[in-house]
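Here's the structure we're looking at; comments come further down.
We call the chains A, B and C, going by the order they appear; numbering starts again at 1 in every chain.
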Amino acid sequence: MRKEVTMPRMGQSMDEGRVLRWFKEVGAEVKRGEAIAEIETDKAVVEVEAFVTGTLVEIVVAEGELVPIGTVIAFIDDGRPEPEPTPALSTTAPPEPSESPAPSAAAGQEVRAPRGERINVSPVARRLAEEHGIDLAQVKGTGPGGRIGKADVEAYLAQRESVPTTPEAEGVKRVPLSKIRQTTAHRMTESKATAPHFYVSIDIEMSRALALRDSLKARGQEVSINDLILKATTLALAGYPNLNATFAGDELHLYPHINLAVAVALDEGLITPVIHNCESLSLAELAAAAKEVIERARMGRLRPEDLDGGTFTVSNLGAFGVKHFEAILNPPQAAILAVGTVRRVPAFDAHDRVIPAQLLTATVSADHRVTDGAEVARFLQKLKDILEDGFGLTAAP
Amino acid sequence: MTTREIMYREAIRDAQREEMLRDPTVFLIGEDLRDPWGGTYKATQNLSTEFGNERVLNTPICEETIIGASLGAALTGLRPVAELMYFDFVMRSMDAVVNQVAKVRYMSGGQVKVPLVIRTQGGGGRSSAAQHGNSLEAWICHVPGLFVAMPSTPYDAKGLLKTAIRMDDPVFFIEHKLLYMTKGPVPDEEYTIPFGVADVKRKGDDVTIVATSRMVLFALEAAAELEKEGISAEVIDPRTLVPLDEATILESVHKTNRLVVVNEGVERCGWAAEVAALVQKKGFGDLDAPIERVCTRNVPLPFQPDLENYVLPSVADIVRAAKYTLGKVE
Amino acid sequence: MTPETILDAETKTLWLDMFRKLVRIRHFERSAFELYTAGKLPGFMHISIGQEATAVGACSALRPDDYMTSTHRGHGDTIAKGVSVEGAMAELFGRVTGVCRAKGGSMHIADFSQNVLGANGIVAAGAPIAVGAGLSAKKRGTDQVVLCFFGDGALASGPIHESMNCAALWKLPVIFLRQNNQYAESTPRTDYQGIPDVVEWAKGYGISAVRVDGNDVLAVYRAVKEAAARARRGEGPSFIESETYRWYGHNIGDPGTWRPKEEIQAWKAKDPIPRFRKVILENGAATDADLDAIEAEEEARLQAAIEAAEAAPKPKPGTALEDVYVDPDLGAQAIQGVRP
């Protein structure tokens, strides 16, 4: 039976850990209590021990990757047969959450949070949260089915208390959250809490892409750098269906169309309108569609379908001179691309002479349940090739 | 206080003997109680020799009349201790137990006392099959008007039975066929144990295990297993199911936030459900995990030992349930 | 007997007392019937009008310290043994002054001060209790006896057989008195009884058994008196088959008209009360005027009892939680989860 090895929680304040080294290779025999990997926490380097005896059958998180606690980092097969479907009368044996949806875990523990969202929380955890004025949406559940338990609330409390408290300064202004901000707060919290994020960055030389933009402009065609990035992303995604996908429990949903969501900053918050079927649009059509949808967003005239069905998100903070940033996944999507500004930097040519270069840093955040570092790296390589080459951006779809 | 190790059945026997010496109105009534047989599980051994056949009255095989006649005697100045050989046979006396013994005080508007103890033994684990291994305590607890005791150790058995015999209300006293030969320390000095007071058989911090009768021994074994994995289990024996010491259970769950209820009756509509209902109602804010029940599966008790072990609760079942409440199931 | 027969004072008193009880029960049940049909009494009710001679004859043969168990049709039996009409009527009304504090009602009238161990809603359930009371009397070395009333239908039920076997085995002072009112609810004896003569059947248990005319109060009295004397001498149990008839249906609501009209008329003609009145007059034990006075007294007493019952307070709902257990602390813990 395959047993999960997860990123352990080695301290109250630990949220994530980095796998530094695997001591065992796939196929190796491991003994219960034997160290199988070394991880780095915010405070120390510690060993991860196997908790069952068996064979290491899969390494999920590669060396160097940083993942949230609870993320599955490997699988050990304990050599026992997979359990048969639970017979109807086996009500005495408690169900094992890893194999079947646990009725006990699901039973009656969900309570309605004030926002109208169902939060899976144990009664004592809820009571503690109420006593300490904690918003349960901020607490990550580590129990069966993601249930928030007493320990989770205590951990949250410990963490909160370790942070210097905001001075109760006079004149604090209390601003109610806008609807958009409420949604963002909730969705981003859920995303960070449930999807194991990892991040891969690449530098792209944009000289040819900028030249392309200028020549199109000379011909009366308004195309932004962002439009070029959208087009390049569409082309690159075609070869990497896992990044145009959703994690759905025991399976992945790979989408037939590429519907790019574009992050648009408004005064009242962030919104991500969607351009549908990008794979069937030419660069000009894509640019026009982007312009239209962004306009509608700014005017507050988005239609319901403008917010539906996004399969991949592009977030561009280049306009603010930002060099590089990491985005949070836009659920239920498996990946998001964050791009900074195009910056002029000295570079070396093939003869080691210093030349000017136009660099853009692109960072993909991805769901580790869906994909892994190497695949994202290959996707970024592809994106880089397309943009640096320039060729193909104007080709008919 | 000096103590000696005696068997559970000796504790039962000694309690009856001491109370017969103390009070001439106490007498025993049931099937096959007399020496040299001395009771099918030897819980009345030597008593007919000491007190005579009048005070240790062998009856025909007529459970309803054993209980109905005990009631008649209890209503007219005596303190009968009736033995029903098997819990399974209690069904033959159910009208007397449920409609007569339990209700006569109430139906008469409180005119009478009913100083009557009904002893029986239940439980599986000995290939007794479906008609000699029932654990029907839930049925009895369901009847208003009875008190229900279900001790797990010789000490508790003796102290509770002595109390029961002195009480003016009817007591249903449930023993277990596989506890009779178990041993434990019992003081030489006289003592009694009050009803409605649970005993914490083992202290712990991580999970509360409430268990009855032989399941207390299983729960203690399970607690020892759990300790090896760093889990500290508290084991509570309520000792009397009616009245139930709710406070001790709720205090424990307040501390551990987790509860496993172990009872040998079948799970459906069983006693464990009653405890679960109690704790979810009065201790809801203390729970950190759903309450687990470990009970006999919802089938008749089979004869063959492997089949029987499969349906009865086991130490491993209790360990697994406790770990499940802690989110630590392998 | 002739009118010139000189009765001793004790017999005279006994007869007049029996007459008074016959009348008392008849008045009580007629009134209960009327009050019930007028919608003043809750629950349901079994009336024994026509059977009074069996109840009165049997109970008059007992000492006050003797025990008695009865059945669901127990108004007559329990009043005959000494339950007051005031307490019984208030019980039917469901008032706090009821003999069972309104907890029992028509089927569960019990008065332990009169050694009435209870009417009983379960057919045949009184027999084991009677055996236990007999066992107790024997163990305590008293010469009390136990009168166990049961209906003809109960004969088919297990506890009667268990109890008769145990009583015979242990030679207990128990009188098993079968009030044969001809129908087990609606079933005639030919439909539930294999042996034609239950007297022979009872003898099969090793029990002395007789049949009496259950509408002849003196015949019933004599049979029970003799059985009680035998019991007090340590000679064990007796069985009495008392042949009688209930005029009405099984319970109020059943008119009983499924029985042949002629049969009902024939039994009404054997009404035990005018029959006994005639015997009293023939033996010069009293005059018509004396007996009329008794009837009037009983009627007045009952009327007062009804008025008192109707005026008495109903129990407070919370008292439903009382009288379950003797021990107040353990009882509260059992009923409400916590001790007071």
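Keep this in mind: contacts are C-beta pairs under 8 Å (C-beta built on N, C-alpha and C of every residue); 3 or more make two chains touch, one makes a residue touch a chain.
Here the structure is a predicted model, which is why all the values come from computation and not from measurement.
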Contact-richer chain pair [B-C vs A-B]: B-C
Chain whose Cα centroid lies nearest the overall Cα centroid: B
Centre-of-Cα separation between subunit C and subunit A, whole angstrom: 86
Intercentroid distance (Cα basis), subunit C paired with subunit B, Å: 40
Chain centre separation (subunit A, subunit B; CA means) in Å: 57
Of all residues in subunit B, those that touch subunit C in their complex: 27, 54, 57, 59-60, 62, 64-78, 80, 95-96, 99-100, 104-114, 144-145, 147, 167-169, 195-196, 242-244, 246-247, 278, 282
Subunit C residues within the subunit B interface of the complex: 67, 98-104, 108, 110-113, 117-118, 120-122, 125, 127-137, 139-140, 146, 158-159, 162-163, 165-166, 169, 322-327, 329-331, 333-335, 337-339
Subunit A-touching residues of subunit B, taken from the complex the two chains share: 257, 267, 284-290, 292-299, 311, 313, 317, 320-321, 324, 327, 329-330
Subunit B-touching residues of subunit A, taken from the complex the two chains share: 3, 51-52, 89-98, 104-105, 107-109, 122-127, 142-144, 149-151
